[in-house]
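In the two complexes below, subunit A is the common chain; its partner is subunit B in one and subunit C in the other.
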Partner chain A sequence: MKESWISLPTIYMPMVGVPILLFAYTLSVLAGLHSIDRILLDLSMVGLLVFGVSGFRDVYIKHWKGKRTKLRPAVVLNKENQENAGKADAGARTVKFNVKRFNPDTQRLEESIYNVETDAFSNVLDGLLKIKTKTDPTLSMRYSCRMGICGSCGMVINDKPSLACETNVWENIKDEKITVAPMLGHPLLKDLVTDFDDFFEKHLFVNPYLFRNDLGEKYHPTQQYNQTKEQLDKFLPFSDCIMCGLCLDACPVVNTNQEFIGPQALSQAYRYYADSRDEAGKARLDHIDLLKGVWGCEFAASCSDVCPKGVDPAFAIQLLKTEIIKNDLIKSKESKS
Partner chain B sequence: MENKVTYDVRGSQTNLKRQLSFNQEGFIHMVFYRGLIIVSMISFLVFLLSFWFAWMSQAIGYLILIIWILFIPQVFSFLKGISMIGSKGLEFGHLNESYASTLKVNHNVLFMYKLVPYITTGIFVFGLGLFIFGVLL
Partner chain C sequence: METLDFDLIILGSGIAGLTAAIHTTNASKGNVKIAVITKLHAMRSHSVSAEGGISGVLYPDETRDSTELHAYDTIKGSDYLADQDAVEMLVKNAPTEVRFFDHIGVSWNRDDKSHIQQRAFGGMSIPRTAFAADKTGFFMMRALYDEVSSMKNISIFHEHFAYGLLMDRNRFVGLSVIDLATGSSNIFKAKTAIIATGGASRLYSFTTTAHSTTGDGIALVYKAGLPLKDMEFVQFHPTALVPNGILITEAARGEGGYLLNSKGERFMEKYAKSKMELAPRDIVSRAIITEIKSGNGFKHEESGLGYINLDLRHLGEKMINERLPMIKEIAQKSINLDPIKDLLPVRPAAHFTMGGINTDTFGRVLVDENKTPASGLWAIGECGCVSVHGSNRLGSNSLSQCSVWGRIAGNAVAKYLEINKSSVSVSKEVAASEERKILDLFNRKGSTNPYFVKSELQKTMDENLYVYRNREDMMKARRRIADLKEAFKDVYVQDKGKIFNTNLRDVLEIENLLELAEAVTICAINRKESRGAHAVVEYPNRDDVSWLKHTIIYRTARGTGISYAPVKITNWKPEPRVY
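Let's look at the complex of A and B:
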């Protein structure tokens, strides 16, 4: 059976079916319609069973497949660095950076505290680079462009996945400090560096490129593939993805189940599906019509909350779900006729 | 070449609480959904057992009360999804500002899309009140 049909009870049964049945049951009891209130209660209970079993399969069974590893509690290892304290220039301010570094030897997050001199325009990446160059050269992090384009410096700043180069220090001081940690939604390597192999595998899974049938045109191009404004609008915001991995880190489903291909890959699946130049068509939808695909999304929308480019992956996934259901309905109509 | 050794902390349900600091609504939605699955199955079992043990039928009322409460965030987020799709991501969406502003110029988005989730969830909560005072008590 197709995944979309198995997953339907968890989407439509709880949101539409059971609440309406429960509401109707209450109204029928209040109106004294004893002939139907029992039937409505029975139907509600059957609806709950269908929802419960389908939801159990959706949430728990898929999670049992994944291995569960707990990070050992963080410890403060390095003593507070007082080197820069009290030396701030006028217009500068010394800010405490609590850096939770992953130590691969102990498999622990070790908290190091640094005092960093910052100004009103300093961002978290500036602070970390100051630490690395002046105080602690062993601190590892990934960065490149320093202006929010490359998506390399994704980390968890004050418990929220953010780009270090786009997070102003002074605007984000919380309890007199800035807390920086690695993204736990990705496998950890060292300090603030996470491994992106799994991320790119998932990205590749959705075939993130245009499919064309006119192979001759590919090798001997003769024309342009023009698009209207409306055609461009369909996929434009989703093409802004810089692959920073913040959405995967924020996603509660990815955090509880490694199998789920995640919001980044799915938003890119929609980006290519909605592109008028792409000729893969419905095959793209069939490819992600899986429990680890679109149906794994539980719509917490955390991915969209943290996306630094306004890609809105949660919206893209809901659009994909709608397209899959529409496609299935058309197919079933066609097979009947 | 040195082998890459990674350490993966994904896979545990306790990771859900990572959302608490930046998306409380999402956290409630996820936790209530998990609770709802368990309570739904227990409710059906109690419902079946109530055919043999009459005293259990009273428990169904209280289970429905719990289910009703657990459904509230689910109903809201479902309607939010519908509104989001209907308004092309302009309501309840997080599309980037430059794109959203041009979209607003080119498309008329009905104000109803913003209200529908709140109104419907309000009706659902009102139904909970009816159930408590009209059926349960």
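Let's look at the complex of A and C:
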């Protein structure tokens, strides 16, 4: 069966989560009974949790439990068997790379085909660097840390938005080749390099920093802010965002409506909202209670599927929606009494 | 060619650079106009790869720790080459910085009392390394980038590569910078600059550091005729994953991991009986190489590299998931091994540049060996040599160094600008000649592939200036580097496009690497003793009578010059270094 990157979470979430959420939302508005809307909200939270976990499970399985290349057994060093760094190994193998390059002069994608020597440990970034240093120095791509933490090398590999440095070549050969293309969800600059200006603007839109009133203590600290493990766990899963831009590339809404600020920024809005040290409070919710904010999300959840760090932005957005509804209910309750 | 005008240029957007930006802003109440120039996107600097944590004495009453003890550990770790007044500044200010990062959002691991947890690290007497899982650098960088983005006086110039340092005698006036997105080169002029471009571990091919760590800031200063200090001291981190060199944090051993040779022995017993796996990095690296050379290692067949094993299996799944999740992820994704179940193959890799731009204890760049500072120019973080690390840095002291001197330099710039208000100028001739440099590179007709020069250079350094050095190898390296410098004159930029031309950027980086490789080699040849990370086979002992001094290297019209500067000793007299 051909595997698609729009996979299980995409099905779970709209089918289970959206109905629950809408049901809760409609009824709680209609009812006006505070005890009931409380229950409904809790129910919706349970719903969210269930598919959030199931979605995460899918991502986990795809990232960790896939078929992996077999390793060779350990070989002991001795007098006859010395180190010989840099000597090519008999296990090397040539793989075809089809690279779709954006040509800034013609404004078109043009395909170049390269043969690249790889071994069992080569990732797609290694392959591209080999092309650049040995065959074609004009090839441009972003890269830096090569350990999946700087977020530079996001690109589309075999039709799936991925980090090149985390994608093993041998495990991802399809139809006897590796296909590499730039992320089309971002404006293109050259070859595999895309323009991140809009992406950074969207990130900044949610005021992504801790808001504090005690500026004296902030800049001249004397003690830590207290934070329990439980408080830490509330935002920790969402603080792993490396700003690689893959989620925006995968998001069907961003791709059709550039106004939508998208999964990356919204997940960061939740990250700061959920941090017990933040003093911005409900203002953060009002700021994104917009059609181009949380309500733009149609819950395709492809963002969570492609996120290389398991951040689950789709879940963060639904949590934000819940918080906003809860907040509205509290407000309406207060205005009635 | 345009000229842009600022009060302060910060070159480099890692932990040191961004911390300085924040503190300059705060100290000047937002009145200093700052340009942060970085060759990457600002949040992608190599600081994100720092794993294990940041050192600082946080709860002295509960842990019986003290800043004196932290200083002593650091100085002993440095093999007594650290300047002790600088170390005192480090240990005194480090706790404040850990708390500052708490205040801007770093998710420190906490204990049940909601205190910041601390873990053991190599060469430290007491666990004093605060950590956010094993992604400490990443969380610090994200918090800094987010904090900086809230400040209206700071403009970030992503993907701008600085290729010329412009000085008016001893005064900083500006930088020539190429914008990668458009290919246009511009002059950034400013009254002050803070260089914070990090280290040069990409001198080696087997390294823990990012592709971007090419020491550009150090080379800029060196090419402008200003001196560098202690360049022979390159730190090799004992546990880099084979075959890709990715860092397996020292915290893995801090949490209790073992190093095992091919006989299954915890061989560190032979080399550092009391500290075992938690001896300082230079000692552990030498132990590993000694084991491999004496036939007690393994061979990695695909890469041909020798290695020994890191055993974390007994730490258990819970501990690894909670405190070392990233190295688990990396081992699984990159070499298909799970530290919960498998042994990890590791060997020493280039990791940190202890030497760097010669600065005083306040981070001001010195124009000579005699404490004469340049006006308006600072160098902080890994690219500067204060020197707090001497000949061997202790793990987790680098993040404290970056943040402590980020604050010191940031505040100093704000003060400097209150007094020095006159603007600087860059003449039209200088601007034109800077622009010509790039045009010349483009138009040059050569036949040598720059990447061939780079890989040959890295091979030379890997083979000849690794953990153990000998005179013959070092002399060979020096000759080879001279040949490569000659070959570099014939390199060509094949990509003639203006937009995002990484071929051009790479050529500029390789030029920098060649300069620094030469400096490292010359400094290493001249130091006739073994101290910290510089272990020479012919001179196996430390020699405090002749060599308790910093190497200063500078470029003159007639080649390179070497001189020496004294080490500042305050309270801790050199003694034999036994662990």
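Observations on the model:
Everything that follows uses one rule, which is that the second predicted complex is superposed on the first by the 246 of 337 C-alpha atoms of A that agree within 3 Å, B and C clash if a C-alpha of one lies under 4 Å from a C-alpha of the other, contacts with A are read in each partner's own complex, and residues count from 1 in each chain.
By definition in this document, a residue touches a chain if its C-beta (ideal position, glycine included) is under 8 Å from a C-beta of that chain, and two chains touch if they have at least 3 such contacts.
Since this is a predicted model, take the numbers as computed values, not measurements.
In the superposition on chain A, A:255 makes contact with subunit B only, while subunit C stays out of contact range. Within the superposed three-chain model, A:207 lies in touch with subunit C and out of touch with subunit B [touch as defined at top]. By the touch criterion defined above, A:312 reaches subunit B but does not reach subunit C. Contact with subunit C, but none with subunit B, is seen for A:147 once the two complexes are overlaid on the shared chain. Of the two partner chains placed by superposition, subunit B and subunit C are both touched by A:236.
With both structures placed on the common chain, the touch criterion links A:224 to subunit C but leaves subunit B unconnected. Contacts of subunit A with subunit B, set against its contacts with subunit C after fitting on chain A, overlap at residues 63, 68-69, 71, 104, 189, 195, 229, 236, 240. Residues 23, 26, 40-41, 43-46, 48-49, 58, 96, 99-100, 102-105, 107-110, 112, 114-116, 135, 138-139, 142-143, 146-147, 149-150, 158, 181, 206, 210-212, 243-244, 246-247, 262, 292, 295-306, 326, 329-330, 332-337, 345, 449-451, 454-455, 459, 462, 493-495, 497, 499-503, 506 of subunit C are the ones touching subunit A in the complex. Looking at the complex, you find that subunit A touches subunit C at residues 63-64, 68-69, 71-72, 74-79, 81-87, 89, 91, 104-105, 119-121, 123, 132-134, 137-138, 140-141, 143-152, 166, 168, 189-191, 193, 195-196, 200, 203-204, 207-210, 212, 217-229, 232, 235-236, 239-243, 272, 275, 277. Contact residues of subunit A toward subunit B in the complex are 11, 14-16, 18-19, 22-23, 26-27, 29-30, 41, 44-46, 48-49, 51-53, 55-56, 59-60, 63, 66-71, 102, 104, 107, 158-161, 184-185, 187-189, 195, 197, 229, 233, 236-237, 240, 250, 252, 254-258, 298-302, 304-307, 309-312, 314-315, 318-319, 322.
Within the complex, the subunit B residues that touch subunit A are 4-16, 18-19, 21-23, 25-27, 29-30, 33-34, 36-38, 40-41, 43-44, 47, 60, 64, 67-68, 71, 74-75, 77-79, 81, 84-85, 89, 93-97, 99-100, 103, 106, 124, 127, 130-131, 134-135.
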